[in-house]
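Following this message is one structure expressed as structure tokens.
In order of appearance the chains are A, B, C and D, and numbering begins at 1 in each one.
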Amino acid sequence: MAASPTNDAGLRVSLEVEIPSDVAYIERVVELIRHPCAELAYNAHQLALNVPVALSEAISNAILRANNEDPGKRVFVRADVDALRLVVDVQDEGEPFDIDDNIRDATDPDNIEREDGRGLFLMRALMDRVERFDANGAPAGNVVRLILTRA
Amino acid sequence: MAASPTNDAGLRVSLEVEIPSDVAYIERVVELIRHPCAELAYNAHQLALNVPVALSEAISNAILRANNEDPGKRVFVRADVDALRLVVDVQDEGEPFDIDDNIRDATDPDNIEREDGRGLFLMRALMDRVERFDANGAPAGNVVRLILTRA
Amino acid sequence: MSFTIKKEGEIVVVDVEGQLIVGNRQELKQKVLDELERGEKKFLIDFAQTGYIDSSGLGVLVSLSKKIREQGGELRLANLNDDLKTLFELTKLDTLFQISDTRDRALASF
Amino acid sequence: MSFTIKKEGEIVVVDVEGQLIVGNRQELKQKVLDELERGEKKFLIDFAQTGYIDSSGLGVLVSLSKKIREQGGELRLANLNDDLKTLFELTKLDTLFQISDTRDRALASF
């Protein structure tokens, strides 16, 4: 169902998804968050590129880098979507990491043939802002926040 | 994208939607809540009948019966969905009403040609449980809770 | 959501595309009443392309059926899928309406 | 999500249906490496039916391209939609791969 733009202004959606540390869940979490963005008439490129790719990167880092696929650890994804912007928090149960220490230019000739290391680069390229802070409250962990203004 | 049943067990989705008291929003709220149920592989009849109809009834009562379409009043819809069940709370800003006082048999010959009065009847027929309680905290209002076990 | 009206011989056929719910039922009501006022007597509503119907959608069908009968006309329904059939059975509205499985059968039944 | 492999003449053509992401990239890698081991040299990956690709999907393409080159073979890509093109441009991977607009053009380019 297409969103009717005249009614967007009043609609505000919050979504929380909790998953085990298993990459098999990523695609569905992406779908769950993309859907309200589609209802709110986010632009086709944001729906097909920015949102799914950046989200998939943040969730897979939480599962693989922070939680080390530990089946006892979980990933919490919270999204707030309205007609202005999408804010997604991806929370893991891992050790703190320094996001500013991880600014690698994936397009540098030295890096271009690397298999890994494009995750944060893509999040930064595809979102308006990418931040990291400590989860407040149990369980401890990182929160990676992605912010995208609706286009 | 179809849900993969092997992975359902770990997935838990909470959704909150806030809308103005305008029936034009109902269809989109229904869609927003139906989508995670579809991701969690709820059965086709629940997705096409039970969920949308019961939800649409509860939201339209909140808008029309409780909030009287007052543009200053809002409706809050919270849904928790997992592989076991869907719980939806529809909260209005209206005066308390007695849900047990509103048990009209819509199929009674005296009622069958009435234009209205099938809302609560359908919610009860299509959900496993329908409850009403006072919203706790501001704003005051009714919460109508719908519970459906996944089939 | 939209309602498409066309004439098949002397029968007014309405296709309900999408939902029939509180947000759009007045539009359906008005369209059918306009035809009734123009002197039309035979009405078929086809639900082949319908999603879900809520209680106020059902209410509009009930009240249209009454108004049409009062003018000596007839309202018939066609193409309810399994879920819509269940809805009509739950509310016993399947006893109030004449419902056909296909549009052709409904058209032939007048 | 699935990967379909077929031969067109002496070219191994892989269709990526759905996403190419961390959850399934190993499957693509293994399928292509199996063909490489069997002695195949010319590979075309067709993205006409692809949704999105994440960094680990891109990583697999980079590493496959290296492995194929090491065996004296060639990997080409076809049918990137606008959003996938943007993804390759952002990462400058459009400079690393030979990319054709259509499958036929890609097949003819070997």
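Throughout what follows, a residue touches a chain if its C-beta (ideal position, glycine included) is under 8 Å from a C-beta of that chain, and two chains touch if they have at least 3 such contacts.
The structure presented is a predicted model; accordingly, all values stated were derived computationally and were not measured.
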(message) Along the graph of touching chains, what's the shortest path length in steps from subunit B to subunit D?
(response) 2
(message) So, comparing C-alpha centroids, which chain is the farthest one from subunit C?
(response) D
(message) I'd like to verify one number: the distance from the centre of subunit B to the centre of subunit C, where each centre is the average of its C-alpha atoms, in whole angstrom.
(response) 25
(request) List the centre-to-centre spacing of subunit A and subunit B in whole Å, with centres computed as mean CA coordinates. (result) 29
(message) Taking the mean of the C-alpha atoms as each chain's centre, how many Å separate subunit A from subunit C?
(response) 46
(message) Can you list every residue of subunit D that touches 2 or more other chains, as numbers and ranges?
(response) none
(request) Provide the list of subunit B residues touching at least two other chains, using ranges where the numbers run on. (result) 1, 24, 27
(request) State the interface residues of subunit D toward subunit A in the complex, per the touch definition above. (result) 1, 19, 21-23, 51-56, 58-60, 62-63, 66, 81-84, 86-87, 90-93, 95-96
(request) Can you check the complex and tell me which residues of subunit B touch subunit A? (result) 1, 3-4, 7, 10-20, 22, 24-25, 27-28, 31-32, 35-36, 39
(message) Under the definition above, what is the set of subunit A residues touching subunit D in their complex?
(response) 23-24, 26-27, 45, 48-49, 52-53, 56-57, 60, 64, 106-107, 112-119, 121-122, 125-126
